[in-house]
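This is the structure I have questions about; it appears just below.
Order as written gives the chain letters A, B, C and D; numbering starts at 1 within each chain.
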Amino acid sequence: MNKRIGIIGASGYSGEQLVRLLLDHPRVELAAVTSRQHAGKTLESVFRKFAGHPKSGAMRFSEPDARGLARNVDAIFLALPHGAAAEYAGPLLDAGCVVIDLSADFRLKSAQVYREFYGHDHPAPGLLEKSVYGLPEIRREEIRKARLIASPGCYPTSILLPLIPLLKNGLIRHSSVIADALSGVSGAGRKAETDYLFCECHESARPYSVPKHRHLSEIEEQLSLAAGAPVAIQFTPHLVPMNRGILTTLYLEPAAKLTHEAVAACYHDHFAREPFVRLLAGDNLPDTKHVIGTNFIEIAWRLDPRTGRLVVMSALDNLIKGAGGQAVQSMNLVCGFPETAGLVG
Amino acid sequence: MNKRIGIIGASGYSGEQLVRLLLDHPRVELAAVTSRQHAGKTLESVFRKFAGHPKSGAMRFSEPDARGLARNVDAIFLALPHGAAAEYAGPLLDAGCVVIDLSADFRLKSAQVYREFYGHDHPAPGLLEKSVYGLPEIRREEIRKARLIASPGCYPTSILLPLIPLLKNGLIRHSSVIADALSGVSGAGRKAETDYLFCECHESARPYSVPKHRHLSEIEEQLSLAAGAPVAIQFTPHLVPMNRGILTTLYLEPAAKLTHEAVAACYHDHFAREPFVRLLAGDNLPDTKHVIGTNFIEIAWRLDPRTGRLVVMSALDNLIKGAGGQAVQSMNLVCGFPETAGLVG
Amino acid sequence: MNKRIGIIGASGYSGEQLVRLLLDHPRVELAAVTSRQHAGKTLESVFRKFAGHPKSGAMRFSEPDARGLARNVDAIFLALPHGAAAEYAGPLLDAGCVVIDLSADFRLKSAQVYREFYGHDHPAPGLLEKSVYGLPEIRREEIRKARLIASPGCYPTSILLPLIPLLKNGLIRHSSVIADALSGVSGAGRKAETDYLFCECHESARPYSVPKHRHLSEIEEQLSLAAGAPVAIQFTPHLVPMNRGILTTLYLEPAAKLTHEAVAACYHDHFAREPFVRLLAGDNLPDTKHVIGTNFIEIAWRLDPRTGRLVVMSALDNLIKGAGGQAVQSMNLVCGFPETAGLVG
Amino acid sequence: MNKRIGIIGASGYSGEQLVRLLLDHPRVELAAVTSRQHAGKTLESVFRKFAGHPKSGAMRFSEPDARGLARNVDAIFLALPHGAAAEYAGPLLDAGCVVIDLSADFRLKSAQVYREFYGHDHPAPGLLEKSVYGLPEIRREEIRKARLIASPGCYPTSILLPLIPLLKNGLIRHSSVIADALSGVSGAGRKAETDYLFCECHESARPYSVPKHRHLSEIEEQLSLAAGAPVAIQFTPHLVPMNRGILTTLYLEPAAKLTHEAVAACYHDHFAREPFVRLLAGDNLPDTKHVIGTNFIEIAWRLDPRTGRLVVMSALDNLIKGAGGQAVQSMNLVCGFPETAGLVG
């Protein structure tokens, strides 16, 4: 049976991609999209690229009214800036909606860590324990039963998927993790700030938020859960001149002597049957151009006999596997659809 | 007194940039440029951007004739592919020319390491001990007296300049060095290969040569000399979609407890009077767009109290400080010109 | 009923996009893909981005054997370089296959014009009269009955669709047509030539093939058919630094006094029910970013009261509406599928 | 004798380029740079790329105080937004300064045309007749004697230089001129507007301000002066994804039968001795990458025997020949320096 779906806050890059995925989804009726800025306008007047889509027809942005929406849809996506999602989630959950949040608001379990990284108290701490961290490859069964899904973003996904299997299998030293990541500019959102002007980004490669990026909090919480012990990592994000894509390089020290085959076995055990994980063989290394426009993550690894380190690399599309696509993957699970519905073929 | 200068192999991106720098140099007469491919053609017909330059006038590419050139110039730059420089250097040196080589041919001291990394014997091993590694900030006095200068390339410069002071001062653990570097596509040279087509690089970020890039050999040799002990590092180069620029992020573990001030003192001791090193203060982090078109390297660092690591970042223009500009800086030293001649203002 | 489809020559940018469209098409089984270069390899080893696609599974490139293919498929796409398609089309047609050719080989009716523009005799002139020029918005009924469809490329489509309605309605002076077009670099194909290297295209905007580009021949033939009289136009293609997209600006002189409403009426008569033509209203002007990844063409127009000219602008994705998407649109017609199958939602 | 120079409003892209040119100029002391936004800050803290420049040393931005500046400098550049220059020019001229304005404020002779295109009365109409349109190739002698120079911008320069010789020599029909131009994004200035974000410009080619761009007013006024009769043209600017560069394609109808040689003779008469005009021969066509970073304009032309039209193409760097470089060229004339001082070699 098909489901009626709504999106609150659909005017950013992630929201726009999510609209595209849901319009094209075979099992879903996109019943409502809200935007304070665009309320009353048709979807196709705001996002011209949807004009002519058979399902976008007369759809209009509405005001974000949680209670009204809750009566009208089975599940709702929140694609809002940090801090705004918490205000909607409670009422929607009370009204019986499944909520899939693309922001960072419900990704942490610890209200204290939230305060440390975000500088203020969490606005709805009671919901933190109810939320499920929506990484389907890691928490598939929890997601199926969840009512509140905190869908992870681009950096966490690019780091967690390659790392969690290694930590679970005890293959690497917990204190050794270094994550160096490159992001396309859409990761900064559709904000009219000088830093993200074309001429400031073109011919520019630059690190930022060194050494303590906010998303470290959720990354470390998830890594610690996987490792069964506290894990703190080094993380350096960089902005590079492309629209989309995350390329992450992980530097790791083996816990004990490690072989290429042992790493391969670990990844194959965890990911060989995963529909969206592409383990690269032979000489292949991840490249954002091979995942852009898809929900795939590519992973490759090299053991360096000279240094003893394990180098793991991943690539994904920050707006799909790192945002809307991953959220749809969770929706498929919670709605009982095939996990790949609307995401391939 | 001005000098007469020649360039052998001036048709690649580095060669072209070198021509530009020497044409604009106030103390130099560019007396000869050679190119097998373009011999007989005027410089401005091959590189239209030099048409109208008051000094490029009727200059023509000639065949690369080492002996003829040696009689005609005071110093000569070799901007040739790997392996080709060795054939010219001997005859030119014998004829009394100063030789500044932009290739990797004379950057190693050890013929054995050369064989390990390049897969064949060095063609002129006797010259290895005569060459000076042309990093002016590190070997200024040796360069002044050199006859054969092996000018370092973009990755080595971006890694060595920020690391050598730390190693010399004993501030970091030798085995801890990880260098993650991003390069613009001109670093691959003007080769008609599918991998470097516009559509293969645009919207692409990708690692390559993992884990053993050839330039590791010279980087480690120089680091070991600075440290007074063998240093082996982790190095991952990435290609990102820009024409120019190298952005390198170094992950280091302090040898003992370290403060921001101690790092600052170390860098100021080594670099405060360097004309081409820009130590960034405050919130500033390196950005390739601020060094492109210049001979500067930007350096910034952060101590991470959470992990105990030192993160150092650098940015430079791969075709200037990472190629032709650095070579001209060495030329200025060897010719007795002001070190910044032709490189600023 | 679904159809079995083959592609001969699937390793260029157009071929790759066509593979993607056919893999995702709900009514089609992609039964064969050929490539001399890649014969024997799996599709996903050559185009990694198809790895994990549920329908690409064990598919392998085969040698291009026209007769063998003809027995195995209902229709076949030719995505070959200029001149190679003519060799396959005859045998395939003889064996009863529908042939959809993406090259320019069968787009002209006149063998004489072919010789003028291509510099040699047409290799299969007898097929020219049998082919249908595959512009669905203009020749829908002919395409439904065709056995050999010559699917137009990016420049012709971007020029013909906005112009033909105006010419049919007699609104513009035949001799006044000027078409100025901007193309992304994928239009040049996946050729390892220096001109299309990243560093040669980035920060470059340049005209080429001025004043007589080969595709003028088919553009003028189609315009003349629409006008009922010979039409010769001015056409200047430019290369701009983007992967995909064509933006065309047409400068036209009205045949008689013209109003905005008359132009609007003309376009609405021809295109209002077209599923892939987006007529822009209000202040909107075409922008390649709004059509990339889709089979849409955007069209807008302005009458200039100062000069009396009509300026018409169009935008499309050169690899979809300008290549594979348009060919699939024709396939849908000839196979009796809904025209938009596999091309939206 | 050297001159003391000031810049009012030096924080946009044009201002920044102008600072660079004047810092490197051999005959100039940059005595003052003003910026309301940055007053009190050092030049190198605002534009990090000037840090380490031997002449930028301790230079600070000051408040824009016209009278104070006038006492301190010989000539002053105004690099201000439209409308702001008029407020400064009068007091500076009264105080005896030469004023070189990079805005459009003084480029028109007719206050009535100003009102038509800018929508309000000119704030200082009395200065319009005193200003000289600063196109050195056309008004060299007037510029030498000017006190107020209105330096033309990128689109006008790219159109006027190729057109004026043809109009002066009576070679083309006045009513036939069509100018289709492509601009890099820096032409839009350093404004924090959504339209100029990286992700809105990358993979985007788009026309704008069709059919009546403001700069038409000055273009047509200058063309009419050259032709000795009113000239109205068609002009379509497009934004393409590069930082710098203008590529203009002109479509023209000959006034009478025209040969390639006649066009060549016309251009050679006007431009053969011009230091910054590069007339392209053979198969060469203009390409922005060959002029970026220089004060050159490239020009090529083709007569189309099929249509009878003359197609002329030009390329320049919008921030140099289309802004600061051209202004410095005028400064050189007015100060009695060699015209190329600080602009080549």
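A few points about this structure:
Note that a contact is a pair of C-beta atoms (placed from the backbone, for glycine too) under 8 Å apart; a residue touches a chain by one contact, two chains touch by 3 or more.
Keep in mind the model is a prediction, meaning the values are calculated, not measured.
Of the pairs listed in A-C, A-D or C-D, the one whose interface repeats that of B-C, with over half of its contact pairs matching by residue number, is A-D.
For subunit C, the chain with the farthest CA centroid is B.
Per-chain CA centroids place subunit B at a distance of 36 Å from subunit D.
Note on chain placement: the centre of subunit A and the centre of subunit D lie 47 Å apart, centres being C-alpha means. If you average the CA atoms of subunit A and of subunit B, the two centres end up 39 Å from each other.
Among all residues of subunit D, those that touch two or more other chains are 200, 202-203, 241-243, 289. If you check the complex, the residues on subunit B that touch subunit A are 175, 178, 180, 182, 184, 200, 202-208, 210-212, 232-234, 236, 238, 240-245, 247, 249, 251, 285-289, 292, 302-304, 306-307, 309, 311, 313, 315.
Against subunit D, the residues of subunit A that register as touching in their complex are 13, 185-186, 190-194, 196-203, 241-243.
By the touch criterion stated above, subunit C contacts subunit A in their complex at residues 23-24, 48-49, 51-55, 275-276, 278, 280, 284, 290-291, 293-294, 296, 298, 340, 344-345.
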